[in-house]
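The structure is given below, and queries will be raised subsequently.
Per-chain numbering from 1; labels A, B, C, D, E and F assigned in written order.
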Amino acid sequence: MVDTVQRKRIEILVDTPLVPKIIGYAKQVDISGWSVIKIASGGGREGRWHHDEITGAAAKSIILMIANKEKAQQLTDALAPLLDSHSLLLTIANVEVVRGDRF
Amino acid sequence: MVDTVQRKRIEILVDTPLVPKIIGYAKQVDISGWSVIKIASGGGREGRWHHDEITGAAAKSIILMIANKEKAQQLTDALAPLLDSHSLLLTIANVEVVRGDRF
Amino acid sequence: MVDTVQRKRIEILVDTPLVPKIIGYAKQVDISGWSVIKIASGGGREGRWHHDEITGAAAKSIILMIANKEKAQQLTDALAPLLDSHSLLLTIANVEVVRGDRF
Amino acid sequence: MIIETLTSPVILFFILGFLAAAIRSDLAIPEAFAKAMSIYLMAAIGLKGGVEVASTGFSIDLAAAAISGILLGFTLPILAFFMLRSFGKLGAIDAGAVSAHYGSVSVVTFVTAIELLTVQGIRPDGFMVGVMALMEMPAIITGLLLARAYSQRLKSDNSLDTGPGTNLMHEVLTNGSVVLLLGAFIIGFIAGAEGFAPIKPLFDVGFKGVLCLFLLDMGLIAARRLLETRKVTIRLATLAIVLPIINGTMGTIVGTLIGLDPGSAAILGVLCASASYIAVPAAMRLALPQADPGIYLAMSLGITFPFNILFGISLFAAIAKFLG
Amino acid sequence: MIIETLTSPVILFFILGFLAAAIRSDLAIPEAFAKAMSIYLMAAIGLKGGVEVASTGFSIDLAAAAISGILLGFTLPILAFFMLRSFGKLGAIDAGAVSAHYGSVSVVTFVTAIELLTVQGIRPDGFMVGVMALMEMPAIITGLLLARAYSQRLKSDNSLDTGPGTNLMHEVLTNGSVVLLLGAFIIGFIAGAEGFAPIKPLFDVGFKGVLCLFLLDMGLIAARRLLETRKVTIRLATLAIVLPIINGTMGTIVGTLIGLDPGSAAILGVLCASASYIAVPAAMRLALPQADPGIYLAMSLGITFPFNILFGISLFAAIAKFLG
Amino acid sequence: MIIETLTSPVILFFILGFLAAAIRSDLAIPEAFAKAMSIYLMAAIGLKGGVEVASTGFSIDLAAAAISGILLGFTLPILAFFMLRSFGKLGAIDAGAVSAHYGSVSVVTFVTAIELLTVQGIRPDGFMVGVMALMEMPAIITGLLLARAYSQRLKSDNSLDTGPGTNLMHEVLTNGSVVLLLGAFIIGFIAGAEGFAPIKPLFDVGFKGVLCLFLLDMGLIAARRLLETRKVTIRLATLAIVLPIINGTMGTIVGTLIGLDPGSAAILGVLCASASYIAVPAAMRLALPQADPGIYLAMSLGITFPFNILFGISLFAAIAKFLG
């Protein structure tokens, strides 16, 4: 049986133009990697939107990061002031990572 | 340290043409927002499929919603009768949401 | 109230050309289905990359599978030897699946 | 004509795609490119049709063809439904869904037929584009009504209530391809030959080449659909060839009877013979989610589409010439 | 000219898109196809402009137009800012963001104007493409400075510090559309008419047709943006029409004063009147994330863009002819 | 010829892309558009090659070129492998993977070379397209066998067993670009000049322009690959220039010896000099996942591709003319 370690799965929903900025913060707290997923469409209090738009300014993405508890905490502390002004949606869940000691 | 609240992360795998229908139900139970992610390909008991199809009828998407426990329960109750006929796959997980009191 | 069962949500981050291989292993342990999501961009110890590349060899995908505990365990055992050589990232989380007895 | 058909590059690209998928090659056309090509093709045929009607004016033929097309769209699913239930052994829900596909039309089959008939010297009238657009939707209504009338399961709940957030009739009437075809038709009509001239190069120069690449993709998709299906029985496969022959022959006869020229009569036959694989599947997924997409997609896309491209078009052309 | 404009296929496709979205049709142009078309259009106008300058040589007009364009880009947002704050009742942050959009330019409005003016017989000079590229960015700086000077909230923290991993000035100067427009302009200049000849067919044959399909998409996007907004008040909607009229008139006058021919003066007016909806929104999301995208996108894309396409271009052409 | 090459728009667009990425502009070509262009280019050259062979007939030259190409594909990786191990200091696995890339071919380098050689008046024979398709795959086999023969690690487990669900030999033989190139070649051959005529406009008019936009994207990708790599040592960078020179010279000499005209000999040299960056990387990821993609992509795409486009093609043309 392979051994797993418990880590945090951080999911940040963010406007696509802001992705590099969030990743800049993630690097500051030394998170080892990230993956970006495009959102096709969505809706919220501000109305609905679709990705099929010529102006990328309205596009949204999810940034996915696996990190240990400490780094996850540092990242949320760093991003907290931006949550409202940049309308981020930040969720954290527990996951088992197989042989994930490097995170 | 920022405070987090516990919420539900609802993930519904659904045929793309049915997405508006599911969102209609979500609005009925007053869920505040949703995000749709395209599935590129997949497989199950009915065989495999790819997104690269001219006929969008076979395309699949994931609808992602963050909501509190009560709304998540209401939504699953509302969708339960459709699970088989519309072949939905509905999963719910716990997540910590940073400053997520609005969900 | 609808009844839910607890299942495992397996997420495997993998180079796109290797997807069929991983799915081959999943079928061996009799997992009932899978869904593939494209990663748009990402970064790690090896530097950053974007999907907008003519050479698909650098593209990455997430394979998502819902399975019961036993099958999840069998799959991780089967994939363990590949984790390093194929640089997979394998995470497992608990989810409630609505009427998910078929998984 | 069969020989000419089978050696024209348009058809050869379709065959190439079909064979590539059959040997399980990883050749793939990006989805966005395929959609771009279909938008281009629909805009092009809509424009050309409108420009042509602008020069010939509205005629009694146009009205006759439009009315016949709509009536055929409403009625063809009925025969199909009962054949699917009896010979095909399908339940009412699946039979209703499949019959809606066969009553509606396939744009690519239409475009390919225009090309092949033009080469043959019997070019159909420009207004047939409008007729096609009008034929996309009626069959959906008949198919749903049939499913509802004959299914015990649907009788208990209300099948046309598609839940909150959706409205089937609205979806049907504002369907993207209908709007684009009719819209481009009207633009062509307003602009006329003179106004069309500056944009004509794009829609002329590329047309046949784009059709080749598009059919390459259709070949890949049709073959993959056929290979991956586990739902199509021998009986259903037979119907996927018999139904287009019956419907197409009826369409060609009706076209001839209402006085269309051979090319237009043949194309009316092709429209009746062709089965939808874009608009109707999406509508069915919404309105009859209980129906199995594995059945209707494999039949319309995997069998009927190739049959029409390779043989059906030539067949209805021959019938129209014989009658005309 | 208004009648000619409104019956040209280019504009009719825009109207088709607008109406399709208004009746909530699901017609959609794939994002990748739209981006491909915009890359094609930018490469084409860049190349043609460069080839033209290669044959006419650099002139004093070119320098005058370039300097005027940059100065207008820097100053137009100031008036807009105060009108948005007083009449529009926006806060400093939103007013700064919106004014940056109106000081910058819209490539598609420019291209459409070139077409319409050419048909009218007052074809603008080739170098105006370069002027457009230079006008994309200055307004961003003015808009940010204004927001920062008048917002209490921004005064406390440093608004131009956009956090780790990003550098606004760098983003602004290396913006993709600026690089592509200027790059293609320089390539056209180096290659000259002779070097351009082998690649000319693609950029000539397709141009107007691609513009049609692109404007179809713009119509869809503009109408959807307008329908889904909940942010635009009557006052803001008024400004979204008044601002282009003021800016465009000023641009046309300046163009005439510095001695440009009527076509070039009109196009300078169009550049001033048009509002950015690609480069500036992205920059604002980064530099002024507190500003509400719902406001600036609905104004520039939902109102100003259609206004300019349908009426503005004809208006500034009339003014330029009158003055010239 | 170098000067002509460096001022042709095709090459200037490549340089534009390269510079844009070097200044870290966000200019990007959507992936689906890039794939669409590559499908278009492959279909076009396949068709034209087939049409040409249909008119000239099969010749002894064709057979000689095909056999030479396959043999070169099998053998060129051997020299590369030992140079990569000794001078490049790579392990057996990485050396095997890299050598497979250099034994295979790059379609875009081929197409660009056809353009440049045609301008120079030494247009290669049409059948060289078929030769290119045949040369895509042999090197993969040699590379894998070398890696397996010399790696202790691979000797213990079975490197060609790629696990359940995959079959390398099948992947190699049904590779999408091979199927498309050979398929379009055969279609061109069947259709002949007459059958090709109706679809020729699309494949003729757009060709060079599309090549420009495609090379713009290749410039962006090549420069980004080079900038982001952390794996390429000075020694490996040297080999990424020395290997194409050696391979290309050998190919040109072989081409001349078997009696090809100078254009065809030069293009055989270009094929040998070019390194794959689509088919082989995908195959290596599957068959040799332990090899580091950072090395082989940076070498083939970041260094060898630009070298061949800017200098290699001219070099092999000069050698071919000198020998021929």
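Following the convention adopted for this analysis, a residue touches a chain if its C-beta (ideal position, glycine included) is under 8 Å from a C-beta of that chain, and two chains touch if they have at least 3 such contacts.
Predicted model only: the values in this text are computed from it and were never measured.
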Any chain that touches chain F and chain C: none
Intersection of the contact lists for chain B and chain F: C, D
Maximum centroid distance from chain A, chain identifier (CA atoms): D
Rounded Å distance between chain A and chain C, as computed from the means of their C-alpha atoms: 19
Distance between chain centroids, defined by C-alpha means - chain A, chain E (Å): 33
Chain C and chain E, separation of their C-alpha mean positions in angstrom: 44
Residue list for chain B, restricted to those that touch at least two other chains: 23, 37-38, 93-94
Overlap residues in chain E, where contacts from two or more other chains coincide: 28-33, 35-36, 205-206
In contact (per the touch rule at the top): chain pairs: A-B, A-C, A-E, B-C, B-D, C-F, D-E, D-F, E-F
Chain D contact footprint on chain B (complex, rising order): 15, 17-18, 20-25, 27-28, 46-58, 82, 85-86
Chain C contact footprint on chain F (complex, rising order): 28-31, 34-35, 38, 162-166, 217-218, 221, 224, 228-230, 277-278, 281-282, 284-286, 289-290, 293-294, 297, 301
Residues of chain D touching chain E in the complex: 30-33, 35-36, 39-40, 43, 47, 170-171, 174-177, 179-180, 183-184, 186-187, 190-191, 195-196, 198-203, 205-206
Residues of chain C touching chain A in the complex: 11, 13, 37-45, 60, 62, 73, 76-77, 79-80, 83-84, 89-93
Chain E partner contacts - residues on chain F that touch it in the complex: 7-10, 12-13, 16, 19-20, 23-33, 36, 204-210, 212-213, 216
